[in-house]
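Below are structures written as structure tokens.
Below, subunit A partners subunit B and then partners subunit C, in two separate complexes.
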Partner chain A sequence: MSAPTPTDTLSAGAKAYIEAFAEREDELPGRGLKWLHDARREAIDFFSRTGFPTQRNERWKYTNVAPIEKRSFDLNRKVPLPSRTPLSGDLWTEGDRQALRLVIDDGIVNPALSNLDGLPQGLFVKGLAEAIDVESVGLTLAPGFALESKLTRIAPARNDAFCALNTALMDSGAVIFAPPGTVLERPLHLIFRVGSGEKALFPRILIAAGAGARMTVIEHFSGPADADYLENAVTEIDLAEDAALRYIKMQRSGSKSWHLATLRARIEARAEFRSSVLSLGARLCRHDIDIELQGEEARCSLDGLYLADGRRHTDFRANIEHTFAHCKSDVYCKGIAAGRGRGVFNARAHVHPDAQKSEAHQTNRNLLLSRDAEIDTKPQLEIHADDVKCSHGATVGQLDDQALFYLRSRGIDLESARAMLTLGFIRDIVERIEDPDLRRMIGKATLAHLPGMGLDGELSEAFT
Partner chain B sequence: MLKITDLRANVDDKEILKGLNLHVPPGEVHAIMGPNGSGKSTLAHILAGREGYEVTKGEVLLEGESLLDLAPEERAYRGVFLAFQYPVEIPGVNNTYFLKAAVNALRRHQGQPELDAIDFLGLVREKLEILHLDESLLKRGVNVGFSGGEKKRNEIFQLALMEPKVAILDETDSGLDIDALKDVAKGVNALRGPEFSAIVVTHYQRLLDHIAPDRVHILSEGHIFRSGGIELAHELEAKGYEGLVRTEAGS
Partner chain C sequence: MSNSLGEVDTLVRREYQHGFVTDLESDTVPPGLDEDVVRLISRKKGEPEFLTEWRLRAYRHWLTMSEPNWANLDHPPIDYGAISYYSAPKSDKDGPKSLDEVDPKLLETYEKLGIPLAERAALAGVAVDAVFDSVSVATTFKDKLAEQGIIFCSFSEAVREHPHLIEQYLGTVVPYTDNFFATLNSAVFSDGSFCYIPKGVRCPMELSTYFRINAAKTGQFERTLVIADEGSYVSYLEGCTAPARDENQLHAAVVELVALADAEIKYSTVQNWYPGDENGVGGIYNFVTKRGDCRGDRSKISWTQVETGSAITWKYPSCVLRGDDAVGAFYSVALSNLRQQADTGTKMIHLGRNTRSTIISKGISAGRGQNAYRGLVQIGKGAENARNYTQCDSLLMGDRCGAHTFPYMEVKNPSAKVEHEATTSKISDDQLFYCRQRGIGEEDAVSMIVNGFCKDVFRELPMEFAVEAQKLLEVSLEGAVG
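After this line comes the complex of A and B, so read on.
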């Protein structure tokens, strides 16, 4: 099959992705699965028509991806396996040898470092390629689980150019399924690590929970500080009735990297999606979140923390569709902009006419630590039902002078006082993480990224 | 200990302190009384090093050394402590963490070893008891959700922990019930000794019944307008500021 011909209006940068797809088409996971191959082809067709988004596109108004388009990342990654040097990156769960984890190094599952012992009966966690492989030979992954009805269906390629590129080129990631009624007591960590080199990675994560199933999943991304690489990730989430997912995303990618993440979730009646997305690394980061509340009493809460210091740019976009009555959504985001950084918050809750008794709240608070930093915030409500409880608010402020003086008058030097107040500003985002061990881990890791944290030992004890 | 000479200071180009003189020798406690808006808090803030005040003239010496060019934290290291008229709420900053950081910062700068968690807790418990403060306040954000009285007790609790050379209490008694007032007085009296001086800003004689001041000063329109012993507070209580001014004018 020949690859679609790139349109002439596309840039050379965009064409490179289309060419890479043409070259790799036959070796990408799922070549033998018609539905998946079709999805990939549709995705690349879509991308061939659209190319990379520009800031004229309302969805991308505040974020310029032209520098990504101009780069020529290694899209083929034809490095033979044996020549790969083992990565020495952050294993995230180092303190806990028993932690459930799937480690994915440069897009390949690292079985030696992964630990999936003791998963409840029926719950499976597989690398993406492996999961696709099982389906390819005509086996099913689990009774009642149809990969075809979920993968690329929850987050369709036409969602967005980056989602399309991921769909066409995805070759790594994870598929997680908790059968109805299953409870995973311990958090599951998906640990994505990257070695050196200017490569492009397309991780895809599918998390599906059957009726009444409950679990906690953490996605952790990290990479070398000096590598200029692209992570274009897509997470698809499907929660059946009464299911509950606690989802945490730790974006701690290398400070020269580009991290673009799409998250789409379908949430059925009475199911609950609790999410915390912490964006701490990368030079440019975008979280593009779409939630569909698809049954009565479905609930979602989207907590977020984004840090834009140095020259970092970080963009948090969320859209929540309230289609049924009695649903609840809550967006609670905090941002810090320092140096010449720029933080963008753009969230919308859309309450449909039949979605009576909906509750939708959006709060965005920002701390501006320097004159050259910038915050753009736009919480929005679009309400077509009359019996609803909705609120939204945004603030942009600086460190409180009175509080600074109070701390200094007690002998705390200016730098420490600023650090303390900055920490105080973000504290509740961390404290809203219920599991005490996770909270400590995340608190400590978060502090290491905040500007001005000398980590004198005292501050690292701040989260207990 | 503390010597203020001809201090003039502006806020937003408006002169608030207009040539203020005050000398508090070591071991003495002086009360400052004065009508609303006369500059008492302004003086307290300038002593503690708050930004936003322009000192146009005069000097402030602590043990012979000038304070005015020092950052607030450096003044704290030299032994200056201000109990705020309006203690600041700092959400997200845990009270214990803050207190430990403060105590250890002072100790570091004063050449003493830092306290570990256990020693610190011991010290804190001892002082909490004196102030009748509940230990649960330690777990909260600094002053967050504290009642008015708790905030004031918390200031004196910090005073007790930091053991400064010069304490400035800005209306610590305002809004306190009788028991709290006694606790505050007890906190101050516990520190009294030849190495400790204090300036107690108050509107009421009541606090002075419990902290017997060595001198009482009346601050009015940016300068010390009369000084005397405790009898001055009594006279003020009887006549009010208007009355005092008239007496002064008549004498």
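After this line comes the complex of A and C, so read on.
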């Protein structure tokens, strides 16, 4: 098959991705699976038609991705060099050396550092390529589980360029499946690390839970401070009836990197999706979340924290489709913009006709700490049913002068007082994490990124 | 553009083939638009050169624009070539000197609409500059206002009598390049109202204009310009009704307000144009650009609107808070019943220091109505200590209607405080039950609850308008319950 012809209107930057696909088409995982190969081709066709989004596109109104388009990342990673950096010092091992984890270095599973011992019967966690290989040779991953019905199906590459690029070029990531009724008591960490070099990575994560299954999954992204790399991640989540997933995303990518993440979740009747997305690193970060509540009494809650200091730009977008009656959604997001940073928030709840007794709430609070920083926020409700309870609230403000004065009158210097109040502002996002060990680790990691936060002194023990 | 130039050409040459509704000779140009039509309008109105040129610049710019499609609205494409862009009652040739000289047929139409002009003006102490179609036919209380140096007249009269003011202020708030509908208006605007309040004068009465749409197939392109000079105050009322008609009518008005230092403008609107029937047939398409410029320090502009009519409302009365300590306010009740669609809201652009703005928006959706609030609060870099408070609530009546909110907040100053709250709910069964068990009929109960819901906005309306507005809501909601 020949490569799709790039449209003339596409930039050289966009064409590079199409060419990379043509070149790597045959070596990408799942070349032998027709459905997967078709999905990849469909995705690259879509991208060839649209190219990268511009700010004229309402969904990208406040985020400019032209700098990504102009860069030439290494798209032909043929000789991967997994980093040998041990996990020591990393927060995950500090609390629990036996923590369940899948470590992926530069897109390659690092078995030496991973630990998947003691998973419940039937629950599997596999690297993406490995999972695809199993299906490629005609085997099934688990009874009642077909990759074909999930992968690229929950997040079709129909309406977003970055999701399309990931679909076309995905070569790493993880597939997790919990059979009906399985309960995973311990949190499972997916640790994505990046070595040096200007590369582009396309991780894909699929989390599927059978009826009544429960688990906690944490995605953790980090990388070197000085590397200029692109992470274009897609997470697909499929929760069958009565399933529950606690999902946490820690984005601590290198401060020169570009992190664009898509999350799509399909939530069936009575299932619950609770997520916390903490966006702490990267030069430009975007979380693009789409939730479909596909059965009565399905619930989701999306917590978010974004820090935009330095020259960081962070964008949080969430869209929730209330298709059935008695569903509930809650978006709770806090943002801090400092330095020359810019924080963008957009959440939309769409209540379809006949989705009576829906409840949809959105809260977005922002702290604007400097003259050159900016906050753009846009909560959105579109309601086509009458018996609903929907609300949204958004605020942009700064630290309270009176509170600052109070602290200073107690002999606390200005910097510490500001740090304390800033911490107080974001505190509840961390405290809404139920597991005490996770809460402590995440709290500590978050503190390290908070602007003006010296980690010495008592504040470092803020989360216990 | 919905038409290529060639098509427009043929349309222009086509003979006017539509009958009139009121048996009144209208001086209507054939449907279609080109530079000659723009020139013709300008010539007929005896406009000075600068205005003709301005119109032409707007027209040429309009040709490069395309109709916006971002609003939450759904309507068949508008054929701009099928609209007649000028219509004036013929009897204006000599210009009526008093009410007696006004064509009795015209007065009769007012009567039918329930606005006995003379009576009402006397009773309410309101100066009425009535706009019938496009040319003002009667102006009252002019002398009284003139004593204080207040200019309140039709736009064309202002062009003749006070061209320097027009040249100085026209298009300074809404430039002719602003948006598709405002640009179209700039090219073809027919008439409207003009008001100038001199320095330090507090206008002694509520100024009001009644817009009417009468001649079929005549787009209405009103242009209103209100200037409040330093330290002055004016309260301006605008109300509209239109007879029922089966053809959708386009209305693209522009309102510009300028408040200089310490001046205050209070602009109130009650809009109850024909909304179309329950199948969405007929009804007015209302695409309005309204903007106030708080140009001077400590100036204040408030918009209060009650929107119950029109098949489509696309309207975002805005305030540019340029001066330090300027204050902007927006109070709105928008009701959409039947198949009405409203996409309305406001923009508050904070540029000066210590600027404050308040937004209270109440949306009511019933039947198959769609109601959207779309607002922007922008705090510029230099807007120290800017404050905004926004509250937008929606009330849903019936399970086939929709309520939507699209608030945008863009904050670039760390000393700013911006707050936004919104809720959506229906009239609770408890509330209804409470009223019913006190012996209040269902319709009355609903109307009471709706009035309570809108209270914050009605309170901002001048007295006589507030009464009218409550009545209007009742009438508009008839049959929405049960």
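Everything below uses one rule, namely that the second predicted complex is superposed on the first by the 447 of 464 C-alpha atoms of A that agree within 3 Å, B and C clash if a C-alpha of one lies under 4 Å from a C-alpha of the other, contacts with A are read in each partner's own complex, and residues count from 1 in each chain.
Methods note: a contact is a pair of C-beta atoms (placed from the backbone, for glycine too) under 8 Å apart; a residue touches a chain by one contact, two chains touch by 3 or more.
All values derive from a computational prediction rather than experimental measurement.
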item	value
Joint occupancy of subunit A by subunit B and subunit C, clash or fit	fit
Which superposed partner A:321 touches (first subunit B, second subunit C, both, neither)	neither
Partner chain(s) touched by A:413 [first = subunit B, second = subunit C, both, neither]	first
Which superposed partner A:426 touches (first subunit B, second subunit C, both, neither)	first
Partner chain(s) touched by A:330 [first = subunit B, second = subunit C, both, neither]	neither
First (subunit B), second (subunit C), both or neither touched by A:402	first
Residue contacts on subunit A - larger count, subunit B or subunit C	C
Per-pair minimum CA distance [subunit C against subunit B, superposed on A] in Å	14
Intersection of subunit A interface sets (partners subunit B, subunit C)	none
Complex contacts: residues of subunit C adjacent to subunit A	70, 72, 379, 381, 394, 396-426
Subunit A-touching residues of subunit B, taken from the complex the two chains share	48-51, 71-73, 75-77, 81-82, 84, 87-88, 90-94, 97-98, 100-102, 104-106, 109, 141-142, 158, 162
Subunit A residues touching subunit B - in the complex, by the definition given at the top	400-403, 405-414, 416, 420-421, 423-428, 458, 461-462
Sites on subunit A touched by subunit C in the complex	58, 353-354, 356, 366, 368-371, 373-398
